[in-house]
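Beneath this line is the structure, given in structure tokens, with notes to follow.
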Amino acid sequence: MTMKLSFNTWVYSSFPIWVPSYPIEEAIKRLARIGYDGIEIGAAAPHAYPAYTNTERRREIRKTLDDNGIVVSAMLPAPGGGPGFNVASPSPEERRAAIEQYKEVAQLCADLGGDILLYVAGWVIYGTEWKQAFAWSREALAEIGQAAADLGVTVVVEQNPADGNLIESCDDGIELMRAVDAPNVKLMFDTIHAMYRNEVPTDYVYRMGKDLRYVHISDIDRLPPGQGRGDFRGVVQALSDIGYDGFLSMEIGFNYRNAQPDKFAREAYEYMKPLVDAAGNG
Amino acid sequence: MTMKLSFNTWVYSSFPIWVPSYPIEEAIKRLARIGYDGIEIGAAAPHAYPAYTNTERRREIRKTLDDNGIVVSAMLPAPGGGPGFNVASPSPEERRAAIEQYKEVAQLCADLGGDILLYVAGWVIYGTEWKQAFAWSREALAEIGQAAADLGVTVVVEQNPADGNLIESCDDGIELMRAVDAPNVKLMFDTIHAMYRNEVPTDYVYRMGKDLRYVHISDIDRLPPGQGRGDFRGVVQALSDIGYDGFLSMEIGFNYRNAQPDKFAREAYEYMKPLVDAAGNG
Amino acid sequence: MTMKLSFNTWVYSSFPIWVPSYPIEEAIKRLARIGYDGIEIGAAAPHAYPAYTNTERRREIRKTLDDNGIVVSAMLPAPGGGPGFNVASPSPEERRAAIEQYKEVAQLCADLGGDILLYVAGWVIYGTEWKQAFAWSREALAEIGQAAADLGVTVVVEQNPADGNLIESCDDGIELMRAVDAPNVKLMFDTIHAMYRNEVPTDYVYRMGKDLRYVHISDIDRLPPGQGRGDFRGVVQALSDIGYDGFLSMEIGFNYRNAQPDKFAREAYEYMKPLVDAAGNG
Amino acid sequence: MTMKLSFNTWVYSSFPIWVPSYPIEEAIKRLARIGYDGIEIGAAAPHAYPAYTNTERRREIRKTLDDNGIVVSAMLPAPGGGPGFNVASPSPEERRAAIEQYKEVAQLCADLGGDILLYVAGWVIYGTEWKQAFAWSREALAEIGQAAADLGVTVVVEQNPADGNLIESCDDGIELMRAVDAPNVKLMFDTIHAMYRNEVPTDYVYRMGKDLRYVHISDIDRLPPGQGRGDFRGVVQALSDIGYDGFLSMEIGFNYRNAQPDKFAREAYEYMKPLVDAAGNG
């Protein structure tokens, strides 16, 4: 039983920082060369925005993945750009568009061989009550979960206090999961968000236990693990304790206009790989 | 002949930072109350994403504008989110979607009473040559310019070296304008982008002269004017020298997760208003 | 096939910081002792300003080079001092003087056994259009390239956005090279300039390919490689990928009044040498 | 009896930072518009490098000065670029070239109506003894002083510990002046250099007394007066005490790549003008 390492594509894409930006084929080849087992693909231009990615294109990307021996660890939409895709927006048009976008990303994920969809639960606009926003997000998640189930895709709820204000804590995530109560609606967490709240990432691991199906690894300021104050040895130990054998996916560097993406990817890999290997042999 | 002050809505919207985020009615009322003559509306959720904004909604927004005695100084799409809207993308689907989005924003702008559309000229993805990207952007601008002309809207080219890598300098902007050569395709510039290149904003004013139709005001780091090292007295003097009587629009604060939008709006207004008044009476 | 390491002399000279300043013999001996294969000599007092360096003096310098087992990797003029030597200046006298200076430096370079001349493409003075400046620079480069060809010297175009405003990007450099279209007019790039634009140095390597004939190594702020955020492992890997076997020349430290030149030279060498050796054996 | 304000042109020129750079006509017009009585012209491209400035050009510049009601307060060569112009260099060729350059600048100064030439006394290269460098500088100054005398130009010795290592202190300057002992060889000082040594600028004023013929005003870090820790009220008071009625010339901002020259010039003027006026009326 070994955990696997993956890398999120934002820093190689035009989201949210426009450049540097690489075709997805470049990102796939470079991450595979560094040694990653998986790639987490954000559904943003120029990589894999569903509306721009026809059947032939999907086949091409899938082939590049196969040729480079790397798999899709997960997918997620790009929240907050022009269309927002805020499932808790007071605008019914935006909520509907967000739900449809999640469904399209789930389909694209399945087409590329992935089986995990990350759920960014939306955020509260001034004038909306938190409970109302939560209700809208729950409705959305129920519908998305259903559609994903048909595709064999598990939807995992992220907590995001750094950017949002709706599902912020470990308990918020668990509450939303329980409110939907579907076998393919589970949990993930991101070390940077736990630390943003000055909480202890390992607490999240033990608390979520078997419901934890995906993990984002990031040190503070979206730095590679080991370059800030995060306790990643503790996190890997805790994951090992609960028998986690999924992906640890680096979602880092994408907020730096001056990012050198390969450097982020390489340094994160070289720091995490020995920790994960030690846990696998332990 | 007096210059007018406007404020861009990003910091009140979900783009690119999700929160704080306000309904557009709030933004309109608050900016009008501070004293702004105009509001520059970014086409992003939850404010004015064209696909979410039906005829009735447009009428409501227009009414709020009128009731508060404030006009739309300009509109622009939100670049770089999931759909990208990069007119220079190697993806033909993305380029087409970007052009259509610009046209829809032009229509929405006209519906809200505005007559200026900002053109973010796109950015170069790894593997594309600059000249190719420029050619794609020129084609897009020609088509958008034509559509805008029918609506009585002028398209102004922005130079953006801080986020992009295609139209970066004053000369780049002029070259693109000339390459399109249409009576309603003109120029704007943003003081922060001139300073990002360590250039002198007043040089842009004198160089653009009568082709300058819109100005973004921002100090370094997207701070309100007067809080960084920008020479805004020089800029207003230069604008006065060339007989500029359009808007100075503050595009600030939207990169701060901890922004208090009204504070940004108020401080910018209080710094610029006396400068503009003095120039108007001079 | 192994890449070689060189060190630029500015920090040992009176340009642009007056002191500390050493006779060129000192620089040669110290750099050779540290282990450098090459020395890149800037044509500035007190080292090798052509007008001050007669035949006998050239012979002496050449002998010191030979005695210390180190070669001239390249030469370049000192831009921006009193005479400017701006090949894109609106002053015809300055342009002529600049061209003549380049020719004299090419001759001095050949006399000292070197075969690479760096071309700083000039900068745009207020009131000149970029296209005009580009045209002047192209004319100058064509004439300099011809003269260099007779000496067996290759002229390599540098992109310099940190100090200048004419040839700033990878594409600018390629465009200028193509516009001249001569077999001995090629390309170089400096990692610090790529990073100044927040671009990725490895992108420059892959883009330039076989036209890349020289590389300047510098971390941000003219620090030795490894002391900033530069990805020099990535750069060496990319250079290895394209089969580069020329010099990596450190152009660092010359902007520090408090520089201890040997320290800069030693630390840069010790960081780069293992990377280059590993690539050579790979 | 009133002191007059002048502004040094480096920040408008290509020395030592290449850009921003303006034609000298722009600098003249802008400085006159702000209110300056004088302009201190550095002999650097693209402004007034003697070899590039023929008789007709000198006439043009003189006319622009007259038309704008501003006079040349002083001139000086650009030290440290390629040619060095270090009067204390161990290279006899460089020393000779430096002396000739000073003579040419003296001639150009007179042609433009000025009567003060600043003398940067050179710097010590590793391997040269301070006394030897001093002797070379004395010889150079004697020859330059003689030539200047024929033109009605006074040569004033600057102390420069921030950039150099030869004439650093008030006493060093006095010693050099006395060693030459010519009626037109006098003294100046720069507030930034006094402060660089943690000395008190007013001490320099009282110490130099009637031999003080020119003053450079700069706050720390080449900031405009009043923006650092300099005591400029004290300096003006001291100058008033000794009956100084020459120029206070701002030599600021030229080390900033991101300089907005007009801003530096305006802020320095607005800070110093009231101080000087008060002294004039006192």
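By written order: A, B, C and D. Residues from 1 in each chain.
Rule of thumb we're sticking to: contacts are C-beta pairs under 8 Å (C-beta built on N, C-alpha and C of every residue); 3 or more make two chains touch, one makes a residue touch a chain.
The structure presented is a predicted model; accordingly, all values stated were derived computationally and were not measured.
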- Message: Please identify the chain with the largest separation between its CA centroid and the CA centroid of chain B.
- Response: D
- Task: Indicate whether more than half of the residue numbers at the chain A-chain C interface occur in both copies; give same if so and different if not.
- Result: different
- Measuring from the mean C-alpha position of chain B to the mean C-alpha position of chain C, what distance in angstrom results? 40
- Item | Distance from the mean Cα position of chain D to that of chain A, given in whole angstrom | 61
- Between chain A and chain C, tell me the centre distance in angstrom, where each centre is the average of that chain's C-alpha atoms. 44
- Note on the structure: When centres are defined as mean Cα positions, the distance from chain A to chain B in whole Å is 32
- Query: Can you list the residues of chain D that touch 2 or more other chains?
  - Reply: 19-20, 257
- If each chain is a dot and touching chains are joined, what shape do you get: line, ring, star, complete or other? other
- Provide the full list of chain pairs in touch. A-B, A-C, B-C, B-D, C-D
- What part of chain A is in contact with chain C in the complex they form? 19-20, 257-263, 266
- chain D - residues contacting chain C, complex: 14-23, 26, 43-46, 49, 51-54, 77-86, 89-91, 93-94, 97, 101, 123-127, 162-165, 257
- Query: Inside the complex, what are the residues of chain C that reach chain B?
  - Reply: 124, 126, 129-131, 165, 168-169, 171, 175, 197, 199, 203
- List of chain C residues in touch with chain A within their complex: 195, 198-203, 229-231, 233-234
